[in-house]
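What follows is a pair of complexes built around subunit A, which joins subunit B in one and subunit C in the other.
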Partner chain A sequence: MADRPLDFNILIVGGGPAGMAAASAAAGAGTVGIVDDNPNLGGQIWRGQSFAVEQKNAAAAMYRRVQQAGVTHLPRLRVLDAPRPGILLAESEAGSYELRYRKLVLATGARERFLPFPGWTLRNVMGAGGLQAMVKSGLPIPGKRVVVAGSGPLLLAVAAYLYEQGAQVVSICEQSPFARLAKFSFGLLGDPRRLAQGVGYRMQLRRTPYRAGWWPIAARGTRYIESVVLSDGHRTQEVPCDYLACGFHLVPNIELPALLGCELLHGFVRVDEQQQTSVSGIYCAGEPTGIGGLEQAILEGEIAGLVCSGRTEALRPLLQKKKKFGKFADRLARAFALRPELRGLANAETILCRCEDVSFGDVRKHSSWRAAKLHTRCGMGPCQGRICGAATEFLFGWNADSVRPPIFPMRFGTMVGRGCTQENKLQER
Partner chain B sequence: MHKPDQPAIRILINGKTLDAPAGCTVAVALAIADEACRTSVQQQERGPLCAMGICYECRVTVNGVPHRLACQTICAAGMEIQTNG
Partner chain C sequence: MSGNYDAIIIGAGIVGTACALECAQAGMRVAVVEGDVIGGGATAAGMGHIVVMDDSPAQLALTKYSQQLWRELAPQLPADAEYETTGTIWVAANPDEMNEVFRKQAVYRQHGIAAEVLDSKSLREAEPNLHPGLAGGLLVPSDAVLYPPCSARYLLEQAMRLGTVVLSKIAVKIGNGCVECNDGSKLASPIIVNAAGAASPELTPGLPVRKRKGHLVITDRYPGFVRHQLVELGYIKSAGSSTADSVAFNVQPRKTGQVLIGSSRQYDAEHKDVDQAILRRMMQRAQQYLQGLEDLSMVRAWTGFRASTPDKLPLIGPHLEDTTIFLATGHEGLGITTALATARLLVDQCLGRDSEIPSEPYLPARMALESHHA
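Moving on to the complex of A and B:
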């Protein structure tokens, strides 16, 4: 399979809000491209939104800006490797591509953190964002009983969305204790827009119990989930449901930045005020620099886009706005820090690595991520430890010691094809 | 979002015909058809977890191409989907 080169002055990885903002801000600076593995722009938060002309929402407005900027959108294309500086290797259903860039913006977003508990592998136990994504993708939800549980501001947003779509949201359980959430909410008084959003969600869901300091301890059922057992550490309650939407806040997608050699700090990509990473010409925006939410992602994307295109004169107001956002990501992390009880949910037989069906008991015997991988195949399946690795980070304090290419499963044809291009042959001699 | 009046797209899931709502993903079509996406190493039925291309629980064979992620693939007319991959 031949590599098809595509050349960009500025290439953006990730078509969510941060990537779209970067692309539109970089308009006029030569060829600008967005590569993304989803069929449509919008990332997870704007998934399934109509970008039609008559739409007045922020997503549609951003989409129009990207269109007007003449940005090349490369959908359904997953970046797998960075074989040489200035080149990314990507794969689609149809084949493999070499993407060339002079400047690169990494807007790879975040994923949910999942923690193992008995029954979490049953069908219809999904991420909170996961179930929302399914409904946005057409899953009929009216009348279905849903328990939303785990941690993070996403839970309320998902619960409100599902309710709006006709689901019967039975219960919302946030593991964080009430006192900590109250402190966080109090802190939002200086941030009327976010506060109004939170209050709005609560009003919509006023008939649904919101329990702070409660968490799921088991999912029960045979093939599908039939009920979930919730606990506050003292009491337990079994709640019948059709779906459990459960995620424990978010984990940044830092695999590609790490592969490119970008320095990480506390698990996030380290950037300066202008979104520049430790690697010259590579910028990072949005959740990989800190879980800060939509507005912060857009702002960081705009900054990265302007800096890439050399339009630094337009930066000043954005940098001031960014300062005002301050440490929102830190406040979020504090408010939704995971309680230690969550480390004890799985029993020895509970599956920890879903790709390879490795049990919690087998993984627990080892002293590091690397040892567990070598002895049990934990983290060696197709997700490459993105699910169980984020769990073991919290459960055992382990860190993935290295990121190696390909960062997602690669087809053999792509691997073979790479060796066949003229340029590669010349380099190998 | 699926609306009852939306046009349907005819696809094949393990040889059986399904009229899936237009624009839905293969993962959604499988859920509507009550089919698991895959069988795990220990023979458990699995469905989507993350629904955003990360967990690989939803991988299926689409038009003969194995290991496609059902959550990132939009149904197209005549698409043939095979599970148990």
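Moving on to the complex of A and C:
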């Protein structure tokens, strides 16, 4: 294992589709690195995908492009802090690293939004993407009864995946009403590939009831979930299950961009046509600029990669394509807007902050996120409010605090600066 | 002009809420003006160490008196105030500092405060994670810790039970018996208490109160990692210096098992961003005293602004020129400790009651005299 330079001309944070696209587009412009906290490239959406040569899919093609580009991949490294311009601090199991860059592309992706309802803390109630990731990591799912519920296009993708893996997907519940989804799908007619993807999922799942305008109101069980109660606001139905895969669309990971001083607009990183943020030399691509899905993330990544490697001559077709994508993120947000009934699922005793065991009732008494934090410890735990903060944003309309370092819990040793040497070895893939 | 208040308190930090409760208990009709979160300023940023300090006789008298008041209140504090008598260990790094340990012990004993000298071995027994090379320390068992925002909220809730009103607005001007607020409203009262901490000079121009920025960092839960509040003996030197940026080893066990690590002091640092350079210095200082810190997980770092005065004593009492204004500010790092005594002394003055300890050292008038000398 040779020492690798930790000094990059272009550094990309996030090894999902946007980051991979940026890296391959930036190839040849000096040293290019991708840092990501997962062991493999692919991000959430391509987690566990085989990148083998014989694979014909988009993920493998993208992976080959990254490989051919001679990009340095720094796996299992989590970026925690930005102590000075041009420097990021990152940590792995093995130690801490100082990563230097001249240009930075932030492709930090998104996470699921969770909302509290009675029983949501029972075992085997998981995020939709969360359960998918666990199955990809080896959780045995064949024959298990799974209800997939919540909101967003991810639900169908997860349901289709679980079905492929042998799960018995007993119900898929999308909280958004049918009329709104239909309007959205109609909009997709101008975009056959996306439509085909959606229809494809439905075909695979054709024996599974897909209910629009239904949502989970309670999970029941003693330690593990035994059933989920679903409702459309008038009727309720209790469905026995082994797993509930439940997420309410996505929340962008904007903590690092915010820490770096990038301007935000309505909770997303503000970028110009060329993915440039408000901070010179820092670009952002993919979900943090707007939840727009895979193809938009790849396109934005490519644009960012070309721009920061100075190859603007190749940009024009991409910018045109981007224009054609138009306001897909806005349409997605409208189609999967959360219904107000979801604000009333939790009761006073329902846990809202799982890190600190703070109940919905205790948090509700306060008038702002900061007041709730200071007086109940809500959001004060190791997840730093990523889960309950995103929930209270929807539940109470609260705005999160300003971002402070470290953006994830960080070893004292890393924070104090010991062990941040270039001699530290990084694990190879 | 509206409101039939005997006293209006500006600021709902630990000092303002203590003043509100004390006034309300004296039968006064009280309003508290606070535009932000209850206990959201220095009260939220600070450690919550209830500590007797002997930098000066007046500081010792005030901290000792106030600690006694906290001890009396402790049984009524709610669980989320997390009051715990952890004791303080003043850590001596070297034999020189041991001399200071003995001097300090003599002073504390003279004032009836239990204080036990620990040699190197007994220091290690008391705190196994301290470095073995440290010379010893002074254990002051009666010191305590608490969680300030919830303590402030409790004080305010008690005041509200006695009729105190909380007004969610920002005072923009005070004086001559009148409080002007950001919504254009005006409130009248014969007594206006400026308890706005680091912001107090904005309301009372000319106050000798300067912002002094501090940093803290907190770990995940490691119950028993430290057992007492641990402070280096050089702390008073750091706190007492009135020029350069300084750091001192000051670590607190929280009831949650978390370890709170401080402390830093900076003048003329107006921005609330974390200053990475001084944060590192502060953490390196902690490493000089504690071993095994490297692998602890740090959950958060933050900053706050202390309200410091030139002589390191708070301003408690009437403003020299405008007798409707009473000051309860300038507590620097001792606001939590001295909040209850501050409130008691202030109300003693308002009502012409005798005080338990002499109030002269804290009167704002002393500063006016000093500035005449200068």
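Please note the rule applied: the second predicted complex is superposed on the first by the 411 of 429 C-alpha atoms of A that agree within 3 Å, B and C clash if a C-alpha of one lies under 4 Å from a C-alpha of the other, contacts with A are read in each partner's own complex, and residues count from 1 in each chain.
Keep this in mind: a contact is a pair of C-beta atoms (placed from the backbone, for glycine too) under 8 Å apart; a residue touches a chain by one contact, two chains touch by 3 or more.
Since the structure is predicted, the reported quantities are computational estimates derived from the model, not experimental observations.
A.B. asks: Once subunit A from each complex is brought into register, does subunit C clash with subunit B or fit beside it?
C.D. replies: fit
A.B. asks: After the superposition on A, what does A:368 contact: first (subunit B), second (subunit C), both or neither?
C.D. replies: A:368 sits against subunit C, while subunit B stays out of touch.
A.B. asks: Tell me which of subunit B and subunit C touches more residues of subunit A.
C.D. replies: B
A.B. asks: Once the two structures are overlaid on A, work out the angle subunit B-subunit A-subunit C from the Cα centres, in steps of 10 degrees.
C.D. replies: 80
A.B. asks: When the two structures are overlaid on chain A, which partner does A:381 contact: first (subunit B), second (subunit C), both, or neither?
C.D. replies: both
A.B. asks: Look across subunit B and subunit C in the superposition and give the shortest C-alpha distance you find, in Å.
C.D. replies: Between subunit B and subunit C, the shortest C-alpha distance works out to 8 Å.
A.B. asks: Taking the two structures together, which residues of subunit A meet both subunit B and subunit C?
C.D. replies: 381-382, 409
A.B. asks: Which residues of subunit C touch subunit A in their complex?
C.D. replies: 37-40, 44, 80, 149-150, 153, 217, 219-220, 256, 274, 276, 279-280, 283-284, 287, 293-302
A.B. asks: In the complex, go through subunit A and note every residue touching subunit C.
C.D. replies: That would be residues 81, 83-84, 368, 370-371, 374-377, 380-382, 384, 404-406, 409-413, 415-418 of subunit A.
A.B. asks: Quick one: in the complex, what on subunit A touches subunit B?
C.D. replies: Residues in contact with subunit B: 37-39, 44, 48, 76, 78, 93, 111-112, 114, 121, 123-127, 129-131, 133-140, 165, 223, 351, 354-357, 381-383, 386-387, 409.
A.B. asks: Considering only the defined contacts, which subunit B positions touch subunit A in the complex?
C.D. replies: So the residues of subunit B in touch with subunit A come to 1-2, 20-21, 23-25, 27-28, 31-32, 36, 40-42, 44-57, 59, 65, 67-68, 71-74.
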